[in-house]
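Consider the two complexes below, in which chain A is the common component and chain B and chain C are the respective partners.
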Partner chain A sequence: MNMLGTFKPQKQQAGLTAVLILLCGIFGVSSENFLATPTFISIANQIPDLTLVAVGMTFVLVIGGIDLSTGSTLALSSAVFGVLLTEHDWTLFPASIACIATGSLCGLANGFISIKARIPSFIVTLGMLEIARGATKVVTQSQTKYIGSITDPISDPLPVLSVSPAFLVAVFAVIAGQFVLSKTVFGRYCIAVGTNEEAVIMSGVRIAPYQIMAFCVCGALCGIAGLTHAAKLSTADPNAAIGMELSAIAACVIGGTSLMGGRGNVISTFLGVLIISVLQTGLAQLGVSEPMKQVTTGSVIIIAVLSDALRRRWSSNG
Partner chain B sequence: MKTAPLQTNSWISTLNSEKFLPIILSALILAQGCSSESPVNSSVNDESKKPRIALIMKSLANDFFASMERGARQHQESNSIRYELICNGIKDESDLGRQVALVDEMVAAGVDAIVIAPADSKALIPAIKHAKQAGVIVVNIDNKLDQEILAKETVTVPFVGPDNRKGAAMVGNYLASKLEKGDEVAILEGKTTAFNGVQRKLGFQDAMNKAEIKVVSSQSADWETNKANTITSSILREHPNLKAVLAANDSMAIGAVAAVKALNRSKQVMVIGFDNIDAVQTLIREGKVLATADQHGEDLATFGIETALDLLAGNLITPADMQTPVDLINQSTLTD
Partner chain C sequence: MPKIILSVNDVSKNFAVRVLDKIQFDLRLGEIHGLIGANGAGKSTLCKIISGLLLPDSGEMKLNGVLYRPKNRNDSEQSGIQIVHQELSLVDTLTVSENLFLNRLPTRFGCLNKTSLYRKAKSILNKFGLKDINPDSLVGSLGIGQKQLVQIAVSLSRDCKVLILDEPTSSLNQRETEQLFCWLQSLKLQGIGIIFISHRIPDIKTLTDRVTVLRDGQSITTCDTKDVCSKSILSYVAGESTARVTKKPFQSYCSHEPGIRLSHLEVQNGIQDISFTAYRGERVGITGLVGSGRTQLLHAIFGSTKTKRGSIQIGASEPTTCFTHPKDALRSGIGMVTEDRKQTGLMMSLDVKTNLTFASLKSRFSSNGLIHETEEQKESSKLRKDTHLKCNNLQQPVKTLSGGNQQKIALGKWLACDVKILLLDEPTRGIDAVARQNIYTKMEDLAKQKKTIVMVSSDLDELLDNCDRILVISQGRLTASFTRPDWSSDRITSACFTDQVDN
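Up next is the complex of A and B:
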């Protein structure tokens, strides 16, 4: 009960930023060319997909749900996008709309079924994970589709900023997401439902539309992520983003989002994404072996969450 | 939902759906009346006993196995008098348990031969041993089973497939001809537990050592495009003089190309791949990938099936390994 009261996002974000700087420091010392502008530009151009998915995941976690289908939804959206562009000669704009619509529909289905039929979202989205992945393979005929340079306007670095439009979209999603979560009726109800569903119902609010909306937002963001993913690689890959739901959940959890609902902050989630990405990039730049990469990434996730939990316990005791 | 495997011949899929069960049962009874064959073989046409061959592949989401399946189905269609085919794949390449179960299921279904591309060169051996003990002929394609364990278990399984190490060395040598001594290159390895991945890495190393080219980084990207993209970006930044990326499959080559492009180093860095999937052919034509290797996945299963048919007919007394061709694919071979 005390959780909500002691949760101060600013303090936590300061902690996450410290972790981030520490990581950069470690990689800066141990790797020759890590601390340089191109590294950070390159990280910026790598992360839009995970950022978008993690923002969507934050909304679903905040209402006390979970979305395991995000990776598959991303893959299905990018598959629809790629096939429309390469085999049906659609232009970039309508294909992008179709891509985002695909993601939104998956999210809508997740939300509608789990909320209206009162089935735990864990199960519904687990089903969607399989359905969307299977559909992806049907759409692409299990073949990697090479899109080519049509998507360059999304992924090519902008002249002065050196970052891609995809990154700007992701940053916008973070800012807009945080605004929606903390300043709008929809966002406040999301947090309220996640904190105490009964109380919100008792006060006469019809919560179902808000809950379904949260899943839909998550699906739409996966659709946008599908767009940036396909653009980044110039391909629609049937195996895209396998396991990305877990990275997104990890980013949310590092950012202090509660898996029980009611607590979450989009900016903190973004810091979680940055920690994961810096770790990935730094370890690859050092040429660390694959097993050690996994061990290190797992350890950092646990340490980050552990330190936050301890800090919160101390501050609530003192 | 049941994970119903892909099936070609009609009798299993009809048996699976309860609606058709009465029809099938009556058909079986009728067939029993006409001939004295076992019910399993009396399904479609009952004049001759056609051998049934099960093809067990890895992930059908992978272009390579998708085209392998197409090749096998075409072969079966034009040889439908000679045998029946059941094709099965697994969800992804690490779904080992499912592949082991498939072998058992195929034995239980009473197939005469199994042609298998093992997802793991060791873990499938016990299941294959059981199959052989049940009298099923087994042919190993694509990814070679561990010879030491096979010997220890006293199982002999003929291997039909390409020499991945030689193939990788061939693409590597072609790349080396475009580089100079002392140049820096990086290798993107496949899954470290996959035998063919390890072989390709060794082949790349053979070629680079021969040409005295320096491999400054060798990391696994798990066969995946996006992972290859992240890792290549990092390697490119750590090694500003990098001249080439050698990817152990085409999916990773695609990721590498995107990374090279994003860092604006397309003019300095060459990329090679392995497998010759459609998407990479486009990249080769556009000059973004230098070369790849084609080990003729579509023919691989066919070779395996032919070997199985020979063994079934008793034409091959001692099962011997058979090496299938690997070809270099570059801009000039594609334009021909």
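Up next is the complex of A and C:
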């Protein structure tokens, strides 16, 4: 009866890329230093943490949940990592494993409690936000731990590529994340659960393991982000990544992920991360004050979501 | 010549294509006017225009001889036109009385006056013969049939000159339907014009004074109902495709090998001690009043309702306790097409392919957790042909399809799993005659392949046409069983009411 077409992620990614190029163009014209290799290398070394967290967040949002504890989980993982390295003389590899395991456990706890006890994940992860932050302070005794050069293999730029292994890990997480979401049974079930839980159960699928797994994936990615974060700064900071959960949600939402669940794309989320960091870096180069940076970033989030919503409405009302 | 209350002249409406083409329609004072047509014929669009939800592209409407141009729902309600949609617009978390008076709740000193509300609601419900509905019960706790009755009561309780009912009987059982028809007849005598949209020709025949047939956006004919027979209405509705909807004689494929055997199935405060065996190739129909436990029985078999007692035996295997999750039922080869495809059957915003292969994704279209996309695509194209599904492509979201096509997907999902036992709950509700026929044909194919079908329906005619055996459930118990050829619709109907008469 009308032109109810499918809403293709490719189309949306083209739109996001256009916005990204437009932003680069604007900053390129208004700041002579912006369109230069150092800018892009600095962005590349800055974004791994947010990218990893946002990829995890996409999974949780897709199943119709939310994870507000990601920033704290990141901080706790990096605190465990830093303390193991500095005070217990662990080597890099086992300490990294412990760091990722810490994140995964936080995610597992979030998932297990909210799914098994049927408590909204908003509330459970709000609790975890406080618990993990408190635990971080206990672990670090509220002091910033200096790790030193032991983490350099993670954060030092690679020869030729000039980007850090951390960046490559983040890009790999994006590609792998999108692969899992679109090509695996787990990904298909995540999208389906976020669309209509009841229908998934009535199709003979036990949904709880998949839901818990989504939280676990998010936690593990926060753990990896904790690793890259600690490596980047060579410290484990008890106040690390405060508010990062909101930046991650913003990146997902700019990328068109629905907070109601059932719709999300990891590549689009990554474009959302890039838009946020280009904006941050560009505005900083222009010498825009911190408050005005916040106002601009906030406006971009709203404009992005608004235009997405309008486009969606037009495409479905034909 | 009776007075004409509402007339529609040459109304047309285009979306991407022409949906209404110079519609002629008039409603007389105190008549019930049936509106019938296949899905997509333009019935809903016409009603949306009359009730102000859509503006016509051309043509005009007159209400009591005065030009009538509603711009929104409010305009039409002000003019006394009330519409009851198929999708109910009740607030589940409020009580019946609060829903009845939602836009004019009685207050005292700014607070809700519960006593007065209860009294007013009670009197309205009594007036419409809904004595058994407690004004204080939550709407969410009512069955779908009762909700429909409350919804109509909401419309009737407002200023109502023209009442438009969109498929009001699709979720009602025979008794509720008769009750509804009684009210409508009495409303008609009060001088209200009623537009009654239905797929069901028998309902149109029983209830309406005149009938207008729409086909492909055109008003084909308007005639006095008593002057036309069901067959000719059907031929108007179906156009040239009439031949396809003529009834085929029933052929049984029932064997003597058991397909599923239930023993003493029981649900807390629900079905009691239900035992029966359905054989391979058999189509078993289950009927009963709304709330008698028909749907619950299917859910108990499928593992989606907690059972208190009972065992299930599939084929020649050992009897096991009831399933606790649909996953276990599926593993034993049971599939279920649920009553409410939007809520529990399909993922409406996802595409056709995803929905078709969803239940079999893990077992057939993946290995080590990876989806085999080519096979998935191939199988969904095959299922699309197999179920006569009409869609532009397999990537189309399911919500953009008509009810009939959605239902074919809900069924196709289980065909992909190759289930041995298929439970169908109201599989043809709200879908047009041609799609219905497709579903019946598919059921016959399955029976031919020695699958067992257990089907719940409020539409007794469909059970009589398509089942080997009909079981009657009343108040949670299996009370009667009828087999061909010694059955008749009045005997089965009276069996549905047996317990109610005794108590």
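Keep in mind that, in the parts below, the second predicted complex is superposed on the first by the 312 of 318 C-alpha atoms of A that agree within 3 Å, B and C clash if a C-alpha of one lies under 4 Å from a C-alpha of the other, contacts with A are read in each partner's own complex, and residues count from 1 in each chain.
Criterion: a contact is a pair of C-beta atoms (placed from the backbone, for glycine too) under 8 Å apart; a residue touches a chain by one contact, two chains touch by 3 or more.
Computed from a predicted structure; not experimentally measured.
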Legend entry - Superposition on chain A - do chain B and chain C clash or fit: fit
Legend entry - Partner chain in contact with A:K137 - chain B first, chain C second, else both or neither: first
Inset, instruction - Please tell me which partner, chain B or chain C, touches more residues of chain A. - result: B
Inset, instruction - Answer with first, second, both or neither: which of chain B and chain C does A:E32 touch in the superposed model? - result: first
Inset, instruction - Applying the touch criterion given at the start, work out whether A:S247 contacts chain B, chain C, both or neither, answering first, second, both or neither. - result: neither
Inset, instruction - Could you tell me the angle at the CA centre of chain A between the CA centres of chain B and chain C, given to the nearest 10 degrees? - result: 130
Inset, instruction - Check the residue A:I191 against both partner chains and state whether it touches chain B (first), chain C (second), both, or neither. - result: second
Inset, instruction - Considering only the touch criterion stated at the top, classify A:A284 as touching first (chain B), second (chain C), both, or neither. - result: first
Legend entry - Partner chain in contact with A:S268 - chain B first, chain C second, else both or neither: neither
Legend entry - After superposition on chain A, the shortest CA separation from chain B to chain C (Å): 30
Inset, instruction - Across the two complexes, find the residues of chain A that touch chain B and also touch chain C. - result: none
Legend entry - For the chain C and chain A complex, residues of the former touching the latter: 15-17, 19, 40, 302, 304, 325-327, 329-331, 335-336, 338, 343-351, 354, 358-359, 361-362, 366, 369-371, 373, 395-397, 399-400, 413, 417
Legend entry - Residues of chain A that touch chain B when the two form their complex: 31-34, 36, 38-39, 42, 45-46, 127, 130, 137, 141-146, 148, 155, 157, 164, 229, 232-235, 237-242, 280-282, 284-287, 289-290
Legend entry - List of chain A residues in touch with chain C within their complex: 1-4, 6, 183-186, 188, 191-192, 195-196, 198-206, 262-263, 318
Legend entry - Touch list for chain B against partner chain A, complex: 1, 59-63, 66, 92, 192, 217-220, 222, 224-226, 229-231, 233-235, 237-238, 240, 250-251, 254-255, 257-258, 261-263, 277-280, 282-283, 286
